[in-house]
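Below: the structure, in structure tokens.
For clarity, chains are labelled A, B, C and D in written order, and residue numbers in each chain start from 1.
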Amino acid sequence: MPKSRVEAFSDGVFAVAITLLVLDLHPPSTHGSLLAALADGWPEFAAFALSFAVIGIIWVNHHAVFHRIARVDRTLLFLNLGLLLSVVLIPFVTALFALYIAHTGDQADLAGALYNADFLLVAIFFTAINVRVDTEARLRREHVPPTSPAQRLRFAAGTFVYAACIPLSYVNPVLALILDAAVAVFYIGDQLGSRTAADD
Amino acid sequence: MPKSRVEAFSDGVFAVAITLLVLDLHPPSTHGSLLAALADGWPEFAAFALSFAVIGIIWVNHHAVFHRIARVDRTLLFLNLGLLLSVVLIPFVTALFALYIAHTGDQADLAGALYNADFLLVAIFFTAINVRVDTEARLRREHVPPTSPAQRLRFAAGTFVYAACIPLSYVNPVLALILDAAVAVFYIGDQLGSRTAADD
Amino acid sequence: MPKSRVEAFSDGVFAVAITLLVLDLHPPSTHGSLLAALADGWPEFAAFALSFAVIGIIWVNHHAVFHRIARVDRTLLFLNLGLLLSVVLIPFVTALFALYIAHTGDQADLAGALYNADFLLVAIFFTAINVRVDTEARLRREHVPPTSPAQRLRFAAGTFVYAACIPLSYVNPVLALILDAAVAVFYIGDQLGSRTAADD
Amino acid sequence: MPKSRVEAFSDGVFAVAITLLVLDLHPPSTHGSLLAALADGWPEFAAFALSFAVIGIIWVNHHAVFHRIARVDRTLLFLNLGLLLSVVLIPFVTALFALYIAHTGDQADLAGALYNADFLLVAIFFTAINVRVDTEARLRREHVPPTSPAQRLRFAAGTFVYAACIPLSYVNPVLALILDAAVAVFYIGDQLGSRTAADD
């Protein structure tokens, strides 16, 4: 099967999910100070910005992974559906985390753990897709070799950080949020370097 | 008429519908225990996961059916619109079923019947599209034969299960939900087998 | 400029608008009888079904009009944006009309007038796009002649009915709804006949 | 990397964002006069119409900019993500501005400043994309020269107006809204003229 509709469907889901994030930004009630309300709502904005960046980076990586692919089989279709499932959950776990950081002293830990568990799920499906593409030569475009162990490790780096952020959320959920943001920044730079050399 | 825009429009509707499902997942109020609230909300999550799987499988099958098609006529366009109508209703019947399983003792039966009635509608429109493609050779790509009776029966299997789940919802709506999930799992495996042999 | 992105963007807007209609279907409160609540909610379902059919037919017609086009200029881009604006308003006027039919004795007239005024806007922008394509030969594909007066009249039939339904809403808003539905059914049949002969 | 998926993903985000604007139009309560409620709700409708026009124009300009591009690199991907981030925020700042104009005497200034700050962000990312395309010849299609200083100035005109509207919102937020609308109208005309000569 050709890959064009998989890309179109995935791009659609990414586009809707990244845009739905805005529905979790609520204009504050007009009864109090707008400035104070916006300042108090910082977890909403921080989680929005981080989730936007994460979905954006997922899309860029999806772009890069499918650039190596010539055709898809049903296994790949369903792995991709698993990836999309975890992406679709991002607006929910984002809203949950933002709400609990802003309004509870003690339950933000579980909310943060779920937030990072969903990112971990994304990373796991991405790794599974990559492994499938590496092991099934007929799915790859001509002259595209399997990824090197170093590339695979770098690509999977997020997996370990997200896994570590699950228990870390129980220590300090805001710290886990900052670490997630650091991963996002790290991914931009690192991928940029390797991509220019390997894929263009 | 070429089929490209039908695929693009359908992919758009599938992508929006599958992503809108997340709007029915509500972060619980911060006044109680988050863990208990998430545990109580299991019907929401179960219905979300099942509906995601069902729309995902619909998309994969739509992909497979249109892979056999070379061009579309207006009859096919309107049959496809009927299919999309029943897909667009999925987030509504999902929210309805989840709400009534969680909060009522006795009315989940009707909600479950409507949930399965919508899946039945999907199955009926799919069958109608397939019959149209089988009977109108000019719509098919070259060298694509009509489906065999065995393929047609397997493709239509869901129709019978969804039809049976409508009365079953009045006996036990959770059992109907489990049976729907079993159909989803069955479809993944079965289609995978036949596809590899017949279509690639 | 090539037309591919105009089609992709328009398909995206149509897909989102037609799917957002489902957000106006609300699961009834679990305190009363579900069956009675669904029966009372008939205007919601009728307006949903009608608006779905209307957007579906708009998409089919958009498909047919752009099938005649080879390239677009900025005038056409902005006429198309006007068409999309009126399509995006459909979920709002649908929710408004359904709410006022269901809950008010006397104000459904204005809501019905706005509902039909939006459909009129769609029809006007469609006519403007058609006129533009007819008068600018360089926008049309090779060998595609301008539409005949008879075709133009048939294509514009909805314009007159929607215009008439605005005052009719003040007499009987439910009758206007029924007339809108009749137009939708009429369009399916009529266009089907003419299309098969002229465009395939 | 080819540009097709960037266009598809961007078109998806534009389509969802422009359509989500309708979610901020709320049918008024059925307890009062519908006509009076709609009249009172003019800021909602004005902000909806303006934001629709702005996203529409952004899309047309995105179309024109990417028409000059042959391929994308990761820098361009992330600049484009920045543009999309500011587009996704438009429904939020629109709802915020409309709410505060309608319901508060004094806090509409901050809401108006944020509305224009988001438009400024859009303009800045657009300029950055343009500069990148102008300085990296390998990203442009063959025979496409860098933009002239006059074109660049005209393209960037909105930047200055949006920047000026931020302090202006503290003087008169409705005036800022009117100026934004004037910019939108100006852009339609101006771009139309230059485009016809330069790009077709």
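Just so it is clear, a contact is a pair of C-beta atoms (placed from the backbone, for glycine too) under 8 Å apart; a residue touches a chain by one contact, two chains touch by 3 or more.
Since the structure is predicted, the reported quantities are computational estimates derived from the model, not experimental observations.
Rounded to a multiple of 5, the C-alpha superposition of chain A onto chain D involves a rotation of 90 degrees. Comparing mean CA positions across the assembly, the chain most remote from chain B is D.
Judged by shared residue numbers over all numbers used at their interface, chain A and chain B contact each other through mostly different positions, with under half in common. Centres computed as Cα averages put chain A at a distance of 26 Å from chain B. For this pair, chain B with chain D, the centres built from the Cα atoms lie 37 Å apart.
Residues of chain A in contact with two or more other chains: 8, 11-12, 15-16, 20, 23. Listed in rising order, the residues of chain B touching chain A in the complex are 7-8, 11-12, 14-16, 18-23, 25, 27, 30, 33-35, 49, 52-53, 56, 59-60, 63-64, 67, 188, 191-192, 195-196, 199-200. Within the complex formed with chain C, the chain B residues making contact are 1, 5-6, 8-9, 11-13, 15-17, 20, 23, 73-75, 77-78, 81, 84-85, 88-89, 91-92, 95-96, 99-100, 103-104, 107, 110-111.
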